[in-house]
Amino acid sequence: MSHNKNEAILLIHCDDKPGIIAAVTKYVAEHKGNILDLDQHTDSANKKFYMRVSWDLDQFDLNPPEIGLDFEQTLASRFDMNWSLSFSNKPQRIAIFVSKQLHCLYDILSRWQTKEWNVEIPLIISNHQDASDVAEKFGIEYHYLPITKENKAEQEQKQLELLNSKGVDLIVLARYMQILSGTFIKQFKDNIINIHHSFLPAFPGARPYHSAYDRGVKIIGATSHYVTEDLDEGPIIEQDIVHVTHRDSVDDLVRKGRDLETLVLSRAVWKHIQRKTLVAANRTIIFN
Amino acid sequence: MSHNKNEAILLIHCDDKPGIIAAVTKYVAEHKGNILDLDQHTDSANKKFYMRVSWDLDQFDLNPPEIGLDFEQTLASRFDMNWSLSFSNKPQRIAIFVSKQLHCLYDILSRWQTKEWNVEIPLIISNHQDASDVAEKFGIEYHYLPITKENKAEQEQKQLELLNSKGVDLIVLARYMQILSGTFIKQFKDNIINIHHSFLPAFPGARPYHSAYDRGVKIIGATSHYVTEDLDEGPIIEQDIVHVTHRDSVDDLVRKGRDLETLVLSRAVWKHIQRKTLVAANRTIIFN
Amino acid sequence: MSHNKNEAILLIHCDDKPGIIAAVTKYVAEHKGNILDLDQHTDSANKKFYMRVSWDLDQFDLNPPEIGLDFEQTLASRFDMNWSLSFSNKPQRIAIFVSKQLHCLYDILSRWQTKEWNVEIPLIISNHQDASDVAEKFGIEYHYLPITKENKAEQEQKQLELLNSKGVDLIVLARYMQILSGTFIKQFKDNIINIHHSFLPAFPGARPYHSAYDRGVKIIGATSHYVTEDLDEGPIIEQDIVHVTHRDSVDDLVRKGRDLETLVLSRAVWKHIQRKTLVAANRTIIFN
Amino acid sequence: MSHNKNEAILLIHCDDKPGIIAAVTKYVAEHKGNILDLDQHTDSANKKFYMRVSWDLDQFDLNPPEIGLDFEQTLASRFDMNWSLSFSNKPQRIAIFVSKQLHCLYDILSRWQTKEWNVEIPLIISNHQDASDVAEKFGIEYHYLPITKENKAEQEQKQLELLNSKGVDLIVLARYMQILSGTFIKQFKDNIINIHHSFLPAFPGARPYHSAYDRGVKIIGATSHYVTEDLDEGPIIEQDIVHVTHRDSVDDLVRKGRDLETLVLSRAVWKHIQRKTLVAANRTIIFN
């Protein structure tokens, strides 16, 4: 995706039928859109169709606000499509949730500040005070909302109000050590990305580096995924690993793991903000 | 690609124009073909269009021998396309060229013998006798054609006759240490795959492991590429690396490199026989 | 390790105490051995000491058969060491156990045949007939010993007799799909290497590729380990992974996994035959 | 290395002779030091000996300031050793040189600020103003010293004065786009680390991502190395790569490369500050 092009991005999934690609590409061509990229996947086992198509809006003869309705009436309803439409010139608005570990936070902020990512970060939310200095350094609103068993529902309500008032599109859990409720998750379905510090499904839950050390593994991993009510069971976006040896103590695993968490989370966020991800059942389709 | 499906695979490249995808997918749909996979790439810088599309032939209303001509007349000529058409039920016929090192040869033969690859291997050609026992083990014709400066043109002529008489589609240079002439290469343009034992363009030419050792690198690589007249300059299909340390002698680099050469060559051949590669200028498009 | 040098290799583990390295290196120096390589590791948490030291035997003033006894009396007893001594010019003798999948078998045989590994392979044992042709190709004794619930103890007894009569040092389970009994394992403690086709501890047990597919992982792995009575729980020698995508079917995972299994198993065997592995509690020390 | 232990670290290289390890370990033991880690390497081809040994100073019967002189007189002179001694409780002092690209700078500062690295960063030097805001955010002295052909010698003189006045041990060139003079380099021999944005020796010099794109490579790399007068020819500390495809534009290579540069530079600095690197001829020994 070029940051300069004025581009429409359409994500589609539906039951597989002959003629969908032909119909969509004909639609774009007839409205004078030039296709910049098309990636399509058919899940033959489940007879499902997935597609991402982007086109140049310069000569397109519909105005961006009209496209959605027109597409729904003309095509989407005919094929019973799930679809979403975005525009490259409208940056995503991200809220970062963080607890005490700051490496992922620093990484995201530096990508935003150096303009590597074309996003807006209107606020940081935390259950601790540890990150408030960082937020101040970078000039971002910081909301300290400590969580106890008793106040959790109430605090989540405050979080939701903040998120909505700021027009947040995506929540990034940058080592946020609280479990979100089903009610909360539902409000941001497929728009909350978490980083788990192990190669899921190995070592779910707390203290995965200790478990990895005890098992004597030769590799440690990290997994970024969309958050669902089943903890550590959400659709996986990205995973990677690093080799370790018998010389590595738990502290070494934690240190090596930090770089991995940072990378694996940022790659997932990058794909999401490029609109290259699509959740299908419990699987993530990652377009080119 | 499923080995069981009766599938047509069409590779296209041409100048980019609006409407190509729509036209091709409409063509397939109108003839009752169900698209199994479509991957498309537009090189915006050079305004070039690349596509691979495959469809199920079961309901298709043209017979395989008719498709090419019909497609040329109906569509290809209109968009001035370069295209090629293949069928999944017709296995590629491979000739292996080898010299004294046998690891790539063993690897290819075991993939063929265990039916991992749906290919035919009618002959092995070598400028040495070292591999003749292996050929005999696996029951494959072996042609010993030693090369000197004087007899090179003549021996290449014999090779070409053998290749043509056996209906060979693809030549795999599995550590074949002779340089092929331009005349020879032209006969199998984009159908000769070589493995070079370095991460090109670092360490071209002979003895790359010695050069890598002398430079004190921390990584060694291997590169598979289509063969062109410019030695080690052909379009790259696949590259990979392995980490090395100061403890590794030249012999260790050679040993670690062998596994790399084997993998990198076999991955390139796999992509080629799946018809997932397309040479464009001096670059290789690798479809999904 | 040079194949040409006449080299003694000593592996030691014991409780950590000051002065062990000094005592051992002094011992070697006093007998006119020149140390070729020394790698030492202290597990500070558990106060354990691990060392591998190798030296040139050319000027050494003890004969190989005397070294063990002399070392035991002079040093090992003083520090209460577990130790083992080997000599580079005595190749390990390997038995391969295999079932129906042949890729690891082909790989090992080609490393032996091309002399990449300085080992002897006196026999192949299988519970199926699938590999008998391969054994014949390579001229290796093949023992077909099918296993049922009823005959298992009896067949294992036959296996043990064969292994002992052939002087086997190491058993490699090259995708052998039978569980060995505790009685059998005890006879070859720390000398049986298995390849498990997943990134343990994720997806233990049967059909890991199906489980990986169902979970929608973005990475698959393979694990080689020493065999213990707890299935898939033995000390890990080597692990590696390969990236996969939503496009990969279970068949694709199986295909990509094969290359991984082959590599991860052969790297483990290579380390073992170099005497670079030492099992400590449920962890494997891998020396440089 | 534990951050808590009071530890001496000795790096040695010299011509290989029998008895060096025995002599050094005896020396440590006799002074009541318990060895925490010993890693030794013999370059058989060039008959050179390299060793890193660390020991606990708690019971050691020499005071840190005395150790060097005593070791020189007792042992180092006997074996004609090159050696250096450091103490884990004395943090290294780092100067960062940077130009306009800020990703490596942000990364280093966040490792320092989160105390992942036990180092001090007394100053940042730049030939541009781009990083001054970042320096201010993190409260670090910033020296803007623009370089022209005419003022280069003079500015380098100012840099050296600053570095010396701040007691700097290590200079990190975090994408600093100026070539240092031989005079400057000599003052900090083996203590200047650079990151080059390619897999050296491929694509030395400027604009490596453009060259990589033009060649159609399937991998891009990054290389961290000690700086010598021969540009891009210094001893390599660390290299790594990332896979790319025909879909990646030059901009994509630059973006993917940034993460690689950041990681490869920070791994090199980590090894250096752990005193795990030793430059030998044009090669870097990396201890465990």
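Points to keep in mind about this one:
For clarity, chains are labelled A, B, C and D in written order, and residue numbers in each chain start from 1.
Note that a contact is a pair of C-beta atoms (placed from the backbone, for glycine too) under 8 Å apart; a residue touches a chain by one contact, two chains touch by 3 or more.
In this text, all values refer to a predicted model and were calculated from it rather than measured experimentally.
Compared on C-beta pairs in contact, A-B and B-D come out with B-D as the pair having more. Taking the mean of C-alpha positions as each chain's centre, the chain lying farthest from the centre of chain A is C. Per-chain Cα centroids separate chain B from chain D by 42 Å. Taking each chain's centre as the average of its CA atoms, chain A and chain B sit 37 Å apart. Among the residues of chain D, those in touch with two or more other chains are 2, 41, 44, 247, 288.
Every residue of chain B that touches chain D in the complex is listed here, in rising order: 41, 43-45, 199-203, 215-219, 221, 235-241, 245-247, 249, 280, 282-286. Taken together, the chain D residues at the contact with chain A in this complex read 2, 102-103, 106-107, 110, 113-114, 116, 137-138, 247, 251, 255, 258-259, 263, 266, 288. In the complex of the two chains, the chain A residues touching chain B come out as 2, 18-19, 21-22, 25-26, 28-29, 32-42, 44, 288.
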